[in-house]
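First chain A sits with chain B, and in the next complex the same chain sits with chain C.
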Partner chain A sequence: MTIIEQRFIQPGVTTRQRWSNYFAVLLGVIAVVTLLNLRASIVTATVVYRNDAEGIVATYPQNWLIDENGGVDYIFRVRNMQEVGFKTTFRVSAIPTSTDTARRTVLDALAMERAQTFSNYRILSVEPYTGLGETEASIASYQYIATDQNPFQQSLPAVVQGVDVLVLSREQAIVITMLSDAASFEENSVLFERFLTDLEF
Partner chain B sequence: MLFRSLKLMSMIAVSLFFVALATAQPTTPLETQIERIQRATIFVYQVQDVQDSFHITCVSSGTIVSRDGLILTNAHGTSQSETCPGDAIVIAISTDLQNPPVPLYRARIRQTDPGLDLALLQIVQNIDGRQINPDELALPFVELGNSAQVSLDDTLTVVGYNGLGDQPVQTVRATVVNFTTEPTGERTWQKLNVAVPGVMTGGGAYNRDGQLIGIPTIAPVANETSDIDCIVVQDTNGDRLVNSEDICVPLGRSINALRASQFALPLFRAAALNLETNLDFDADQTEFVASDEEPEVSRLFFSSSVNDAGMPTSIVTSLPTGATSLYLFFDYDHMTPVTTYELRVTTGNIPNPTYSLPPVRWSGGTSGMWYTGSDQNWENGVYDFTLFIDGIAQATASIVIGGAPADEATLSDLVFGLSDLEGTPLGNGFVLPVGNTASARFIHRNMTSEIEMVERWLYEGAEFYRASDPWSMDVFGADGARTLSIRDVSNLSPGRYRLEIYLNGRLAATSDFSIAGAAQGAFPQVFTDAHYTDGPTDASAAEAVTISSFSAGVDSLYAVFDWQQIQRGTSWTVRWLVDGTVFYEETLRWRQENSGENFLLALEGNPTVPDGTYRLEVYVGQVQLASAEATVGIGQLSIDRFSGTEGLQLRGTIIDTDTGRGIPGVTFVLLTEEFSVADFVWDSEQIFALATTDRNGFFEVDRLLEISTEARSIPYSVVIQAEGYLPITQDGFVVDAETENPLELTIYLTRE
Partner chain C sequence: MEFGTENVRSTGTGYIVPPVEDEEIYPYARVWPGLAAMAGTLFGVVVAVVLISAVVDPPRNIWSPLGVLLALLPGLLWCLFPWLAERRAELGRERLFAVFIISALLANALGYPLIQHWLAVDSWGAQQPLFTRILIYSLAIGTIPEVLKYLVVRYVAWQDYFRIRADATAYSIAATIGYLTVLHLHYVLEASPPPDTAAIRIFSTTAIALSNSLIVAYGISEMRFSMPSPLLLPGVISIASLISGVVFAVRGNLSNTRLTLAVSTPRLLISLIISAVLLMGISLAMVFLFNTTERQAEEAQGTGL
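== the complex of A and B ==
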């Protein structure tokens, strides 16, 4: 009996094939990196807002709804309308002051006013803010319960956490506000810090 | 993924298309708006806030008339009074039309007219006391219609509440069977063929176009506190018993009278424009002065019609078959805006609700001559009219209608003026300049020589001249016109006058007139140099130059005029209009010196006086004696883009395809017709309306969609983008007259 051993012999990889493999892997890596960059650019894409009358230039996240119809309440605000639940809001407003007005006075007045309209409004902290370089600022952190005003809808209230960054400039107080659902506050704070950094007034 | 998204978008597009074209039966505007009207109908609690506990003191219905929470209702159920002693107002809304209303807000009175029994409330707080910014409200509201266009036999829909807030909103169909006219204006009251519950007072009655054209009105009567009309529901004195010692809540009798909506327009206009008017007089010079005197009525008589000055044209004691108008006149004194008066009419001793008037607030000032009546066919019969003041019968008069015209002597069409050489009175008829003569001219018919005529002249209620003489057929004849005159060499004093003419002891003609102002020919110059001006203070405004055009954004303006020879106590009326619409009108007794300069009327805006053309008119009686006009800004009111009540209500539910459950917190974006989805850059200027889903995924667009016509198509675009879900967009979303209204959409979102 003769035993014949059959073996599958791996054919040798040609140079061309080897380079093809290398290129395939390389393309894959490039594609992943590109997609990651694309995603990052989409996520971090911003739009420039310019208000010459108020001397304000800001950049805000793309696809956030901008609103300049605030009258005396705010100069402009942007809201993430795609967010499910409470819409994260960045808002810039100006309050007339005098040369004797202290930042703390403005923040206290804001707190007293908001306590009249917001449920369970509570100041969490008030402290100096150093994120604007050499510009002296204060930051107030607070929370309240936001409810829908439409009596015909059964909306549940949301716990909102907010911060006001306040700067006194040219006899007015510039108040930069972030309002966010408390559950996503930290996540949105990153965007807000970027917003603050890019803000010119 | 892309294919899936496109497929979904196309599915939604198709579904939206078909839903939008879902045809419904042709309906009247009222039928399409009835749900909105019912939602806008609210229940008003007047309460006493006692140590954080609310004691209900009065209840009524009301109607939201603007999206920012202005509410039209009766004054008696909201203003503090003996029968309604509460000091706070709570508003309950029917969030579910099948169930009773839910207390949600607190309100304050913005404008009120106690006499007309109308009030405009403003929602200012949540029920828990938190302040509300009215601009952030988007409540359903109704449009005020033109009540002058209502006709007899029109079908109206009355909407309001019954009970003490324990029943859902009610709708009653009724037919207009009569109009009652009073000195305050034609068709002051619309009478219905059915009686609606008393708590519907303050609600609304709507025409076929869904416009509010009347306010069901009945006032609680202080002397009528039977168990039926006033019920006790709470332990308000803290004795742990609910009994007659506690506050009772008046429910009022059933109502068949509507206050015409035209009387609410000035209040609404002033409130909507945030305008306040201040007259130049001290607080203690207001029209109604507290008095211990009891209100009273007297001298009841009938006239077949009323002239332009509100005076009887011809006094009658009977009317022939086919009489088409009848008015009851009477004198009144010591009345106040919180006085209730009621007219009960019987025909052949059977109550006749068509001509009766339920207890309503008094709107005629302290004293004077009043009338109530209607222009329509009066059936034959013996009519007995009984006037009740604060629930007590005070005076009665009867008239027979039927048979052939009587041949009795009649006097009619009494007018006053300065006589020319032929004895014809010249002037405006009822306001004469100060001078030494005054003449009255009347038409007489069927006079005979057996008639003795007595003329009786009164000044400020006191007789100062009387003359009587047999009728001279040779001089005056049976039919014709005659002039009577009085003369005083030292001039007739300015003030209120009355002439009464009796024939054989029967009052045959009477009329009031005024003497005021300097003579300019036969016409009086009472108010002069009327103009607009401005200034930081009243004193500086009085001296400032005339301004006919104010810049936009002015916070106040003044109207100024001089006056001469007007007696204290003379009734005068100030009326303010913007763009031709009255927003302020008040009739007062003159309280200043007889002559003077710079009477100031301030018009204050909050924060500014809106752009428009402002006109001031000043009257004595019904005669306009002065006017002034000025423009602010562009001279025309701006158009409120949220004021429309015509259109399609859009709502729906956004559902998770996987779970089949509604998705809370998703935003539904509707773009204006100028922008497509491709143009949308997330700018609020591009958005027609926004809505966010509630915990059930339900959303409701708070602005009505404009309905496309053959002449004009209005394509909206829809954007729904929610994190974690595939987006949905749609251009060309059109609704037309055939589209079901309200339109309910069901939109499915698929997770990414």
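== the complex of A and C ==
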């Protein structure tokens, strides 16, 4: 038995084949660029929050949940409810002060209060903050262990890293807080920087 | 014998029986039966795993090894059916295993990190409206993997080892299975899902990826054996990507847990059925398309066109 194989002989790559190959590669590049653009537009999409009573205008990430029912604890807070585990939170609160109150005093008071309620609360640093332009501010960063209050969730405790940016304004201290899982702190810091830049009070 | 006698009379030659004509032998391994056997066996195993999991709750400590086994299953079945058939064929396809391995390496080095870590599509794509989600899935799950797999086939086998149109299908399937093996291994090792969930997901992604690869294989074969427009190949990659994007987005809507006050679970069987129907439908369509193109090419050759 003899097998006669009829092979398709093609001497080289034709122009059409070459262009076809280029177009296919170009399609892949276009896909990556489009996804990068989509990602940038979706991740950085924001919603405007306006509170005329407190004189606050803020922009927060789209799809985060806003809560204005904080009573005396906070003016408003936004949380990323899509996160698994600890939900990243941005919070704006106002504490009444006198005209001669120092920023450090307010931060120390906050630290003392939290040390009694949070597990393993630890101040990491307190320093001046220059990210708000000419407005004088201080920034305090800290860590604590957060445990889910619902025992049926059976979730492990999370190491939470927090940041307080404190500004004294019209006999009140405005405290802008970010609370994030320590593992995603750097990533969320970018969003918080943007939140601070757009915040007006 | 009456028939033989008749023959001798009519021909008038010295033959007692007419000379037996040489039987035309197809020396290459047939692609479609191998694909059907592989996909059918995979479907059977997945259904068996789902049924067994419904009756016997598998202990947690075997989830991971069972998951790894399920992740390797498409690759094992590919070795058992299409690849073994190639070994047995008179003129088996060369470099098939090289395509499989290089595709797997490319998935691990570029495809998986690009989609999962650099673009992190899961973290921002899943919550978008339907049409945006279709676009995101089309590009991330369709276009990028298909272009990468095409590049493997193009630079490993296309130039020197393509002999017939079916070669494009065989090499595309090898690239797809190699690529998927890596994705499935990442999935089961990172998520440690229950066996039934892992089995359904593995079948679903395999079915969609194989459907895509069959469509792209048509473009690759046309590019090799015909003189189509240079836009044909990117066109078929786009069509395959769009199909996978639509199926992923719509399947998610149909199979996800309903928001209800009663107990509700994901309807995984719907996902399984959609994937099986998709693979079957596209396979049949591509068999028809390949056969038609082959016949037209033979007719054109016969008429000297």
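As a convention for this text, the second predicted complex is superposed on the first by the 163 of 201 C-alpha atoms of A that agree within 3 Å, B and C clash if a C-alpha of one lies under 4 Å from a C-alpha of the other, contacts with A are read in each partner's own complex, and residues count from 1 in each chain.
Convention: a residue touches a chain if its C-beta (ideal position, glycine included) is under 8 Å from a C-beta of that chain, and two chains touch if they have at least 3 such contacts.
Fair warning: this is a prediction, and the values are worked out from it, not measured in the lab.
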Touch check for A:118: first (chain B), second (chain C), both, or neither? first
In the superposed arrangement, which partner chain does A:150 touch: chain B (first), chain C (second), both, or neither? first
Just to be sure I read the superposition right, which of the two partners does A:27 touch: chain B = first, chain C = second, or both, or neither? second
Touch check for A:16: first (chain B), second (chain C), both, or neither? second
So, does A:63 touch the first partner chain B, the second partner chain C, both, or neither? both
Quick check for you: in the superposed arrangement, does A:82 touch first (chain B), second (chain C), both or neither? both
I'd like to check the shared interface: which positions of chain A are touched by both chain B and chain C across the two complexes? 63, 82
Looking at the complex, which residues from chain A come into contact with chain B? 62-69, 81-87, 116-119, 148-156
Touching residues of chain B toward chain A in the complex: what are they? 39, 93, 95, 102, 104, 128, 130-133, 136-140, 663-667, 669, 682-685, 687, 690, 692, 694-696, 698-700, 702, 721-724
Which residues of chain A touch chain C in their complex? 1, 3, 5, 7-8, 10, 13-14, 16-17, 19-28, 31-32, 34-36, 38-39, 42-43, 63, 82
Chain A-touching residues of chain C, taken from the complex the two chains share: 25, 27, 90-91, 114, 119-121, 124-125, 127-128, 132, 135-136, 139-140, 143-144, 147-148, 150-151, 154, 159, 162-164, 223-225, 227-234, 237-238, 241
